[in-house]
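In what follows, structures are represented as structure tokens.
Each of the next two complexes has chain A plus one other chain: chain B in the first, chain C in the second.
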Partner chain A sequence: MTKPIYIHGHGCISIQPTFETNYFFETVHTYAQNPIPVLDPDYKARIPPLQLRRMNKSMKMAISASKLALEEAGNVDIDAVITGTGQGCLRDSERFVETILADEAELLNPTPFIQSTHNMAAAAIALALGCKGYNMTYVNNANSFESALLDGMLYLQEHPSKTILLGGVDELGSRSPEFWNIAGYLKHGNSIIPSPMNVDSGPGEISAEGAAFFVASHQEGKQAYGKIIAVETRHKTEDAAAFINQFLQRNGLDIEAIDAVLMGNNGDVRYDGIYETVCRTLFQGIPQVGFKQVLGEYDTVVAAALMLALHMLKRQQIPKLLHMNGPQHHGLQRILLYTQRRGKNHSLILVER
Partner chain B sequence: MSELTQELKAKIITQLNLEDINVDNLEDDTPLFGDGLGLDSIDALELIVMLDKSYGIKLSDPKEGRKVFETIQTMADFIEANRK
Partner chain C sequence: MTNRSPIAITGMGAISAIGQDVAANLNSLQQSKHGIGPITHLETFHRDRLLVGEISMNNAALYDRLGIPRTEAYTRSTLLALVAAKEAIDAAGIDLGSPLRTGIISAITVGGMDATEQYYDDYLDSDTHRHFIPTHPCGYSTEQLADYFGINGFVTTISTACSSAANAIMLGARMIKAGLLDQAIVGGTDCLSKFTINGFNSLMIYTDGHCRPFDENRNGLNLGEAAAFIVLESPKLVEERKKQPIAYLTGYGNANDAYHQTASSDDGEGAYLAMKQALEIAGLTAEDIDYVNAHGTATPNNDFAEGHALLRIFGSMDNLPDFSSTKAFTGHTLAAAGAIEAIFSVLALQHQLVFPNLNFSQPITSLGIVPQTNLKSKRISHVLSNSFGFGGNCSALIFSKADD
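What follows is the complex of A and B.
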């Protein structure tokens, strides 16, 4: 068991204006397209123009979200940067591969080559902050952020006096959505945000992008949003309810100890049944809250969901737009996040006030 | 020659993503590195690739590059003298 870690600040860029101070999903941007790019903040406000001009989308989003998190945490010194990304810097990877094909590997532009690696966002953050400490990037599909979170908890266990920056980032590619479409991942028609929940909207996801970063430490602090108690991932499971039950047992809790559950329903009729089964067997009397119906789907969207959970704990409120069932909460002390993507990469994050 | 300098400016602005600069406010004799545009070593590599792709000129001697990439004008002179 790892010790809880406290979250002192966060920054989030997504298809909703989550970078605005105190944004809480009271109103949301609507979309009728697929895929959906993020709402861009003023990147120049936090990144010098000479550095900005060469940065790809992941780097811009990651640095801006990191600086937002740091501003909120009082611009503390950071000892380590730990990120998760499912796809890495997709656009530069595409450009790099396309140039290899077009020029038969003769003439390759250096910028997309350098920036096509998955750890570029973490490196750019470290450079921007002057952080020469531990720097790690996890690439585990839809469990990438959770892997970074677990590593962050282990790092702080070994270095209890340190403060870390951890987060997740994923960008949309220029060509990749065409491939995802061929693979049957994208939703055709009914690509509406906010997506209607509990309605059969057919197969496929609404693809999006985003970044969310957090300043974390073992110190409680006065302004902390809340603490992360535990995180667990499982690549595949035939029984998600058993996975959740075992997780709660390992943490000495039963279902009644959970005040709200954040679920990763994304409107893909092929896999949302997993959530429905879990809700029916475990969470019928507990407020169920969605997030992908307003944030879309990408590998590290759970980082944005963690931001939502922390806001819910601090405000003691559930955004009406995201509340998916009837039961109301009676004080939010403990929130469980459960998500999976395409029936794989199941994960649980337990957050406490 | 003026046509070539204009073309070069447009290519450099696009290739190096110089957002706040346009063809009209980039002078022919503005230093590309140091106190002028402030380009760096990665930009120098981008310019070498551009010379090869757009004008068929291979620049193999790094010392030569220092002179060639001094300004837009020196680049244009070099291209005029060496293009295939």
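What follows is the complex of A and C.
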């Protein structure tokens, strides 16, 4: 087991105005489309215009979210940058493929190729901060951010005095959503945000994008949002309840110790049954809170959910709009995040006040 | 051992342009037999123009060798990874069905791009190849590996450009050291694609002939394809099951150059920091290193920066141990490079050999350093292996002899 890490600042860009200070989902943007691009913050406020012009969406979102997190943490020095991205810089990848298919014999512009590499967000952050320390990028579908988080906890265990920047980013691309649609991932009709939960909304997910970054260390500090106790992933499981129970046991807890559970219901009837089962067997007496009904689905959306959990701990509140089921809370000491995507990439994150 | 808790290496597997298993790779290294030649599998404008390190088996042959029905969707990188990981698992003789905590950590740069670039327009019009759509993301490949071998423990994928596999190896070691895993299958894979060939060509760092690492007149790299995996185990586990390790992973370092999107800084700061950390973790000093398997891509920028960083680490040209880049054998295999070169480093320890740096004739004027150009037998206890990538990602690994 690794030791808890404290979160000192965060920055989040999503299809909701999460980049606004103190935003807590009291009001949400509504959408009736699929996929949904992010609400862009003023990127110019944090990225010099010359650099901004050349950056792709992932880089812009990652740098802006990082800088928001750093501002909140008091612009501390960062020793390591660890990121996750399920899909990487999709639009530049598409662009370079399209150029090759158009005419390979031409002298091709290398920029989309360079900026298509999955480590470009972490690299751009390191470059922007001049951070020569540890630098990693995880690309494990819907468990990419969780891998980055695990590595961050491991890194801080090895280097207890250091401070890290940790985050997840995913962009939509242009052709890729067409492929996802063909593959049957996307919802047709009923593509409404906030998505109605607890009703038969048919198959498919509402695709979105975003970035969320955190400043973390072993030091408690004065204004920490909360601490992350543990993270665990499972590529596949037949029994999600058993996976959750074992995780709690390993952390010396039983279900009564959990004050609220954040769950990744996304309105895809093919897979939301997994959440219903664990709710029936485990979470009956606990407030059940959603996030994908307002943030949409993307591989690293759990990073935005982590931000939400930290806000809930700090404010001792659950946003009304997101409270799906279960009783009112009686004090929020410990929150469990459980999510999966398309029946795979199950993950658990345990957060404490 | 100088290191208090070295990580045991108990198995390895490799497929590259110079051999379809570890033994064949060793044989080619010993015979100075490179694998660089014309493109034969890919349909590309560059077919008769650029040279690559291609694996002769086509996808159909790989499906058959693995016993996977050809109707299923596996991209070439995944097929290669399965071949290499299978060899490594068999060699280690580890039990994947046991309650031990097993991890599989794979590195890949462009995921299923070879399918995506081929079916990019076709997907829209016809359903013939649509079962390949899910294979695009990098993580899909690793998940297919996990499913094939029945590993349901820790599964993840790393993509830090050309240093990816070194980082996968490093993560496995760190997780074992921290007590989070008992054993880990770690490595990387990348097949050739039009995407990467055109990419490096558009950057004007693809040679028009054979790459010449560390040569004054080097003019770029040859791409290659490969997959390579090693099995790492905790010292406790190998002791319990009385398995003799083939070598130890003793040091690792990771740093960022934070200088430029693609180019390395002239003084090779990131490379220097990564090597320095690896020595610290291993509890070794630079004088303990007997051989450096360099990144040595043969691009003007990399070899200059790496050479500079080597001089900084070792203090002077006189103190520089034997070093060579093996990329003139295999081509630059991107996410697999750190793993295939980890295996070459272990082979160097096992057989007490320094492998030659091919195609070298004239040292880089401003550095004057000369790589080892012939196969050389010598006493080797510790090997340093470098892997650097776009985005300033620099990693270094140190491998140490088993019976030291």
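Heads up, the rule we're going with is that the second predicted complex is superposed on the first by the 350 of 353 C-alpha atoms of A that agree within 3 Å, B and C clash if a C-alpha of one lies under 4 Å from a C-alpha of the other, contacts with A are read in each partner's own complex, and residues count from 1 in each chain.
By definition in this document, a residue touches a chain if its C-beta (ideal position, glycine included) is under 8 Å from a C-beta of that chain, and two chains touch if they have at least 3 such contacts.
The structure presented is a predicted model; accordingly, all values stated were derived computationally and were not measured.
Asker: Which chain, chain B or chain C, ends up touching more residues of chain A in the combined arrangement?
Answerer: With both complexes superposed on chain A, more residues of chain A are touched by C.
Asker: May I ask you to decide whether A:R53 touches chain B, chain C, both, or neither, giving the answer as first, second, both or neither?
Answerer: first
Asker: Kindly classify A:N119 by the partners it touches after superposition: chain B alone (first), chain C alone (second), both, or neither?
Answerer: Second partner only, chain C.
Asker: Going by the contact rule set out at the top, does A:H323 touch chain B (first), chain C (second), both, or neither?
Answerer: neither
Asker: Between chain B (first) and chain C (second), which, if any, makes contact with A:H218: first, second, both or neither?
Answerer: Touch status of A:H218: no partner.
Asker: Which holds for A:L108: it touches chain B only (first), chain C only (second), both, or neither?
Answerer: A:L108 contacts both chain B and chain C.
Asker: Could you tell me if A:G130 is touching chain B, chain C, both of them or neither one (first, second, both, neither)?
Answerer: second
Asker: Residue overlap on chain A between the chain B contact set and the chain C contact set?
Answerer: Residues 107-110, 114, which sit in both footprints.
Asker: Which bits of chain C are touching chain A when the two form their complex?
Answerer: So the residues of chain C touching chain A come out as 44-46, 108-111, 113, 116-117, 120-121, 123-124, 130, 133-134, 136-140, 142-143, 146-147, 152, 154-161, 167, 171, 174-175, 178-180, 194-195, 198-199, 201-203, 254-262, 269-270, 273, 389-393.
Asker: Which residues of chain A touch chain C in their complex?
Answerer: Listed in rising order, the residues of chain A that touch chain C are 1-2, 81, 86-88, 93, 96-101, 104-105, 107-110, 113-120, 122-124, 126-127, 129-141, 143-144, 147, 151, 154, 157-158, 175-176, 178-180, 182-183, 233-237, 299, 344.
Asker: Which residues of chain B touch chain A once you look at their complex with the stated criterion?
Answerer: Residues 16-20, 38, 42, 45-46, 49, 52-53.
Asker: Would you mind writing out the residues of chain A in touch with chain B in their complex?
Answerer: 49-50, 52-54, 103, 107-111, 114
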